[in-house]
Amino acid sequence: MLSAALVAILVAMVLALARAVVGRHLYDRILAINVFGTKTVLFIAVVGFLTGRPDFLDVALVYALINFVSTVAVLRLSHYREAM
Amino acid sequence: MIATHYTYWIIFALMMIGLYAVMSHGNLVKKLIGLNIFQVAVFMFFISLGRVDGGSPPIITEGIEVYSHPLPHVLILTAIVVGVATTSVGVAIAIRIYEAYGTVEEDNALARDAAEEGTQ
Amino acid sequence: MTALDVASGVLLLAGSLFAVTGGIGLLRFPDFYTRTHAAGLMDAAGAVLILLGLLLLAPDLGSGVRLLLIAAFLLVTGPTATHALAHAARNDGVRVWAEREDKKR
Amino acid sequence: MSTFDLAEAVLLGILIVTAVAITRARSLFVAAMLGGLFSLVTASLFVLLDAVDVALTEAAVGAGISTVLFITALALTNSREATTPRRRVIPAGLVAVLATAGLVYASFDLPGVGDPDSPVQTHPITDTYLRESQEDLHVPNTVTGVLASYRGYDTLGEVVVIFTAGIGVLLLMLGPRRPADEVKDRAYLQTEYRVLRVVSKTLMPFILLFALYVLLHGEYSPGGGFQAGVIFGAGFILYTLMFGLAAVQRVLPMRTLVVLVAVGVLIYAGVGVATMALGGGFLDYNEFNPGNPSGGQVAGILLIEVGVGVTVAAVMVAMFYSLVRRGVRR
């Protein structure tokens, strides 16, 4: 089941990447990158369980935090002049 | 051959995509982004050298015998942080160039230099 | 195969389903706001289900706590980010999709 | 083909697509954002390649700090790029293709990825780092052990480079500040993005606490000074983004940061001097506890990791401050 979940996460990553590259609008790209970040968190958690080393979960935790920081940063700095 | 070496080839291709961005684009910020791609590809090359089949991350735990080599990890770990520090020096210089020339395009800045030399 | 394995397998599969459908929605929906819908809901649901599935397999307390923390962070940050994005897009004047426009093209 | 091989192949493919998209994007804003995605993918690859510590750093640096740096820079310069003239594309493309071909040809002499008989794995130092380190240091995370103890000199050099780069950015950005009237009043900030602000404020203590955990637990799990410093910096960047520079400067003024940049390096070098004063060599931590050398090692490693963390965090935050408060001289 873990392998199936890993494959599903990879498929979702590719779909999110396609949206990030195609874009259309800036916000579409930010959204896609946010989704991609969530998928990376899951990817690392699942890989950790597949290899039997839960040491990886710290890495996934950092991703969950940093992904939010970078989404907020891109969002705020796209209106930089009025932002700060 | 393909199964064991294709990782290297993709990493080399990434390096060269980064190099291409540095060489072909006139925009200084874009050059820095290209340089970043190149840098990350080099990091991946190092890490892939330390990898061993059936290995585990080099955090010693009971019951695990095979570990990947920690030395590339150490080198790259510090290199990543040094990399972002030096990149930010590059970014700061690009900002100063923009303030002085009104552009971050290499060609425009050089053309302005040439024009100023001509008038003197 | 114990009941725990079965339960975690079901959760993982459900999470995978959500993750993939969320991805398809992100790619196929016609405008930004509908895509927010796919990304915001499916992403959070898929992530939490997969993490719960992993939680049932957790070997020790430490990794269980970490998984719960990750799930909590994702559950808080994901919807917040999509909310803020939709808010910003609306302020920025991103148009809502209407079927008529689509047919004209 | 195992699931891992599949995952590796897919991620490498994603990297190529992203890299090409970055070079092709005319909007630098988009290029910087895709750069963030690029480093998320590389970080996942690092996990697959067993480098969890590196993945931790790359995630925080690549996806967090360098994306923020580039985007802040774009706000101060121009976010659109001129079209690349053909006279530059052809020679650059030619060089890139030829160099790739040369490198691929050279790679035939490399041992395959994961080959257990490669020179890297059979070198005697591998055994020193993986087995003997457990008797010398008693630090399960060999990456931290090698970084802080066996290669302590090297790491001191790296910290000094970061210190120098930080000072360089501060000096380059010394000039004009943004006038106060350009900064919108607090009332505006309070009404916009209320949800985002509340969530950021709630997350802030968790980020800082987690940075501390990464710093102090780095001997037993992935982590250490570099990673902790970067996570700490990302936390302050988040706070600055949501509450403005004035608010964050009340907690951590620029003047304190400049001092902290130096304090970290001094802690590191000071540990070296202290071990010399105790009669050992420079950075010879055994001297801290001659009766129990590995206890001394653990203490020494922790001390210098704190030094590294202080410098890295201070440099990251100081660089961000100086870019944000930069005024445009036009």
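The first chain written gets the first letter, and so on, giving A, B, C and D; residue counts start at 1 in each chain.
One rule holds in what follows: contacts are C-beta pairs under 8 Å (C-beta built on N, C-alpha and C of every residue); 3 or more make two chains touch, one makes a residue touch a chain.
If you're wondering where the values come from, they're calculated on a predicted model, not measured in any experiment.
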Highest-count interface - the chain pair sharing the most C-beta contacts: B-D
Centre distance in Å when chain C and chain D are each reduced to the mean of their C-alpha atoms: 28
Gap in Å, rounded to a whole number, between the CA centres of chain C and chain A: 11
Chain B-chain C separation of Cα centroids, rounded to whole Å: 32
Touching two or more other chains - residue numbers and ranges from chain D: 52, 74, 193, 196, 203, 206, 221-222, 227
Touching two or more other chains - residues of chain C: 73, 77, 80, 84, 88
Touching two or more other chains - residue numbers and ranges from chain B: 56-57, 59, 61
Chains touching one another, given as label pairs in label order: A-B, A-C, A-D, B-D, C-D
Residues of chain B defined as touching chain A within the complex: 56-57, 59, 61
Sites on chain D touched by chain C in the complex: 193, 195-196, 199, 202-203, 206
Chain B contact footprint on chain A (complex, rising order): 51, 53, 55-56
Chain D - residues contacting chain B, complex: 8-9, 12-13, 15-16, 19-20, 22-23, 28, 31-32, 35, 38-39, 42, 45-46, 49-54, 57-58, 61-62, 65-66, 69-70, 73-74, 76-78, 81-82, 84-85, 88-89, 91-93, 95-97, 99-100, 103-104, 107-108, 110, 112-116, 118, 120-121, 125-126, 129-130, 134, 140-143, 145-147, 151, 154-155, 158, 161-162, 165-166, 168-169, 172-173, 175, 220-222, 224, 226-227, 229-230, 312, 315-316, 319, 322-323, 326, 328-330
Residue numbers on chain A that touch chain D, as the complex places them: 3, 6-7, 10, 13-14, 17, 20-21, 23, 26, 29-30, 33, 36-37, 40, 43-44, 47-48, 50, 55-56, 58-59, 61-63, 65-70, 72-74, 76-78, 80-84
